[in-house]
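Below are two complexes that have chain A in common, paired first with chain B and then with chain C.
Up next, the complex of A and B:
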């Protein structure tokens, strides 16, 4: 597991800021002004570090603990895990808390523009429990961050909380991505509830060349879905939101988190999607992330995929034959039938992805998505065992 | 905030019924097929259904979840949405959007065949008076673009359209030129015996990416018996035409249809094996139409719908075996009905729509410039009954739509509003065919208990549903594959050919 933050020595004079980390090798090709970059000198041979270079107006200079430094220059020393910042990443310096935090990781498969901590749902298995805080400041911070992201970044997610709570702010963020990162696929993870009955959906039409939405659906009738998201009326709102997005010609993915009650009705839910939402281009069937609210509701939400093989196969078969793309996320290969392996994705973001001791001797480990770093035995399928390829 | 258990999100005040129809399963009287107004459906025990409509199902009944998901019941209006039901309804009837997409140009009634069941009232090879002349052809092209459909399928028919190929080329060029600024998606089809297809003709067909639709009734002895022509070599010439067409236009560009005579009904396996031998992956087993010469020779070539269904069931079982042996082949009418059972989509087939596809899905421009709402309508006219003529190509499209013929189609063209159909559980998946009912029963509304159209479609729906229920997982997968194959549904457009 990679660290998200680390303690650091940061001069108080710097003030909070987002900086792009550049090494000696790649800063000459960086298109950003020095003020928005942190020069990474960790491990650099002293002979290569000239005074002229140090005198450039860097937003920060990341130095090894033992290296010489002076007060005039914006030196930053990372005290914890050095992997919190590497060349190409974007970090946030917080001089008040003396911490450095990772905001974008070059090469990671799961970079997120974190829109808000607020949410209008309260899902039983939420991995990122919402907080009712005023965090509209995030919009301007995201606009800053977007400028610092690699132009060849393949994909970004906008997540939260519920991003549509930002209203116009979300449109601003998407529009900035469209102008600064036109080649980066943008995926908004939203429950779609606020897209119902408002005009918000129509304003996304044509706004971005490569935008899609990931909308969760946990039931084929309101009693089931509303229970999972702990919000009355949510099922109807999400459905109307889905039709609103379709009307605005948006690309849509449905995300189904496999909590127990949902897993039990998975074939019916697949049928429901095929019949009522045939315009969706992809469905992700997702194992639970054992953190946040999920941990508090273990008995209600945990479902061992080994017990639901038939449901999983029926649902995948339904999507497959209907021409709706389908992927399995967060389900280790040893817990699902071999016929479903082609659908299993290595879906867990690198920083929170780990393997168990049992995986050491597994012949398909390199193809397997593995586990969330915070997996415990209770959240581990009884089917977990090394696969012996013949 | 406190988490609440599942029960807290279930209402306990009963439920409301949404519009629905049901049918006791003919093969299992204890169960019923229940369908929504958009054609979503389930089967359930008759006793549970009785309890359901009597509002006696308990709140936690698993049936209630299924019934809600299929839009047959609403438990709490304030927490449910009719949006999915309406969306399904819109998709199901999507064929209404844009107006007629299938436009059939009859370029000649001449034909070298003398088939006893001919639906078209063909004329002799030298009867040039039955060719489409230049001036009505030009007007027909004008009218074609008066329709709003963004997709236009132009099908050339006869008689034998190759006997007036000059006109096929002329019309095609006019359409392509006009489309330079119209920007419609065009699709050209030639419905032909493919006999004596020349390289020059193929050049032209290839240039405009024509699809070829031909008739192949089965093995040589059967085909030649059904389709007499001088030399008794119809089969050989058709096979040669198919091969030439495929070599030049691609394997998938040639499709074949059977016309089933009384003789055909005895050999379903042989007919299917013939298609397999030729490497064809789709077959269309269509019964005789009650038109053209077919009515006069009914006693010799005709048969009852029950005989057709018996044949069809045998053919279907053989086709399933052929597929399981590793050779993929579907039957286009089964694919059409299965697509209606297993998806919410509409379809391109004009003879199974409600409102009727006649005039709303298809328009026929006859050799003499007269216009009809369906192939069947112009065949009736050829037999001396002009009831269904919409007008002619010199008139604007609006005049056709205001014609008494179109009014007759529309009055009897909505299946949901026809006696007996209105209560039928299959009606959301089925259609109305006022012209066929008029032809067979002298009444556009028709009498369902004695209707061949009804007997055939209900018989096939029942049969396919029973096969699906009783079938192995492999059978079910096969039937679902057919249902999802959109191209086979499109091919069914040409069943009129």
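Up next, the complex of A and C:
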């Protein structure tokens, strides 16, 4: 597991800022102005760097602990895990808390534009419990961040909280991505509830060349869905949101988190999607992330995939036969039937992805998505065991 | 078991025949690669005029005579830097030749044709004012002095052309700490370019000496070594093919 932030020595004069980390190998081709970059000199011999280089107007200079430094230059020393920043990443310097935080990781499969902490749902298994805070400031910060992301980044997610709560701010963020990162696939994770009855959905039409939506649906009936998201009327709103997105020619993925009561009705949910939402492009059936509200509701939400193999196979078969793409996220290979392995994706972001001791001797470990770093025995399927391949 | 061995043998045999297919494979590969071509690949500096190709040391700045008008900003931007929302460039203080309007950022990997001087007379303009580069080009040079100031094409490159310190509308925005420094954009840009080259040489395992923006003996030697290694013309200078091979943005 990679840390998201670390303690650091940051001169107070710097002020909070987002910076692109640039090592000596990336500096020759860097297109950003020095002010938006942090020169990474860790590991570079001191005699190599001339005063003229240090005198460039860097936004920051990341230095090893033993290196000489002076007060005039914007030196930053990372005190914790050095991997919190590497060349190509974007970091945020927080001089008040003396911390440096990772905001974008080059090469990571799970980079997120974090839109807001607010949410209009309150899901029983929420891994990122919402807070009702005014954080519209994130919009301008995201606009800044987008400029610093690699132009060849394959994909980004916009997540939260509920991103559509930003309203016009979300449109601004998407539009900036379209102009600065047109080749980067953008996936908005939203419950779709606010897309119902407003004109917001229509304004996403044609705004981005490579945009899709991940919308959760947890039941084939309002009672089940509204219970899981702990919000009355949510099922109807999400469905109207799905149709609104379809009307706006948006690409849609349905995300089904496999909490116990949803897992039990998975074939019915698959049938519901197949009959009522045939336009969706992809369905992701997702194991629970055991953190946040999920931990508090363990008894209500935990379902061992080993107990629901039939439901899983039936749902996958139904999607397959109706031409809707389907993937299994966060389900280790040993917990599902071999026939389902082709659908299993390595879905967990590298920074929070780990394997158990039992995986050491497993022959398919390299193909398996593994576990969330915060997995505990209670959240581990009884089917977990090394796979012996011939 | 024996059948397994036979399969392995057949596979190896197929591999053995590979050299014949190599050219095809390579072209197929490069075709695949081209889909992923990013800012750093082939055409990093194509369409840019390399002012510094002949630069050996500070004593020999004569390249300006060949420097034509850039017909400012013909859109050779591969990765346009969009300034932060709060950034509003003040209006130019000078009214003489206004820089051409900033082109809309072209984001797709468009390979621009070499710039053609459509407008400016290339030989004997009575006033030898030309624009050194569009402001976009300069901003891509890494955010040093952003200047649209006209440069007298007869002045030598490194010369102290410091007559109008506040003529550039962009001077004080990105260099807030050193506002009073006389503008020597060419020297600054040259130093920046040499530092980029030195950093690239160092990253490729060569020894350019200190990264200090000075074209030292060591740096020239490293350049020559690099050029020899990459089958480039061995000049010890920063020719455009050398910069491209080094991955240095001009």
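By our rule, the second predicted complex is superposed on the first by the 389 of 390 C-alpha atoms of A that agree within 3 Å, B and C clash if a C-alpha of one lies under 4 Å from a C-alpha of the other, contacts with A are read in each partner's own complex, and residues count from 1 in each chain.
Here is the rule we go by: a contact is a pair of C-beta atoms (placed from the backbone, for glycine too) under 8 Å apart; a residue touches a chain by one contact, two chains touch by 3 or more.
Keep in mind the model is a prediction, meaning the values are calculated, not measured.
Participant: On the A-aligned overlay, A:180 touches which partner chain: chain B = first, chain C = second, or both, or neither?
Facilitator: second
Participant: Would you check which partner chain A:24 touches, where first means chain B only, second means chain C only, and both and neither mean what they say?
Facilitator: In the superposition, A:24 touches chain C alone.
Participant: What is the contact status of A:230 with respect to chain B (first) and chain C (second): first, second, both, or neither?
Facilitator: first
Participant: So, does A:387 touch the first partner chain B, the second partner chain C, both, or neither?
Facilitator: Neither partner.
Participant: Look at A:57 in the shared chain and tell me whether it touches chain B only, chain C only, both, or neither; answer first, second, both or neither.
Facilitator: So A:57 only meets chain C here.
Participant: Examine A:2 and indicate which partner it touches, taking first as chain B and second as chain C; both and neither are also allowed.
Facilitator: neither
Participant: Once chain A of both complexes is superposed, is A:356 in touch with chain B (first), chain C (second), both, or neither?
Facilitator: After superposition on chain A, A:356 lies in contact with neither partner.
Participant: A:317 in the overlay: touching chain B, chain C, both, or neither? Say first, second, both or neither.
Facilitator: first
Participant: After superposition on the shared chain, which partner residues are touched by A:124: those of chain B (first), chain C (second), both, or neither?
Facilitator: first
Participant: Residues of chain C touching chain A in their complex?
Facilitator: Contact set of chain C toward chain A: 36, 38-40, 44, 78-82, 84-85, 105, 107-108, 139-140, 142-144, 174-175, 177, 191-192, 195-197, 199-200, 202-203, 210-214, 246-249.
Participant: Hey, which residues of chain A end up touching chain B in the complex?
Facilitator: Touch residues, chain A against chain B: 122, 124, 220-224, 226-227, 230, 232-233, 235-236, 239-240, 243, 261, 265, 268, 271-272, 274-278, 293, 296-297, 317, 321-323.
Participant: Please give the residue numbers of chain B that touch chain A in the complex, ascending.
Facilitator: Contact set of chain B toward chain A: 1, 3-6, 8-11, 40, 65-66, 68-69, 75-76, 78-81, 83-84, 87-88, 91, 343-345, 477, 480-481, 484.
Participant: Within the complex, which stretch of chain A touches chain C?
Facilitator: For this pair, the touching residues of chain A are 24-25, 27-36, 47-53, 56-57, 140, 143-144, 147, 151-152, 176, 179-180, 182.
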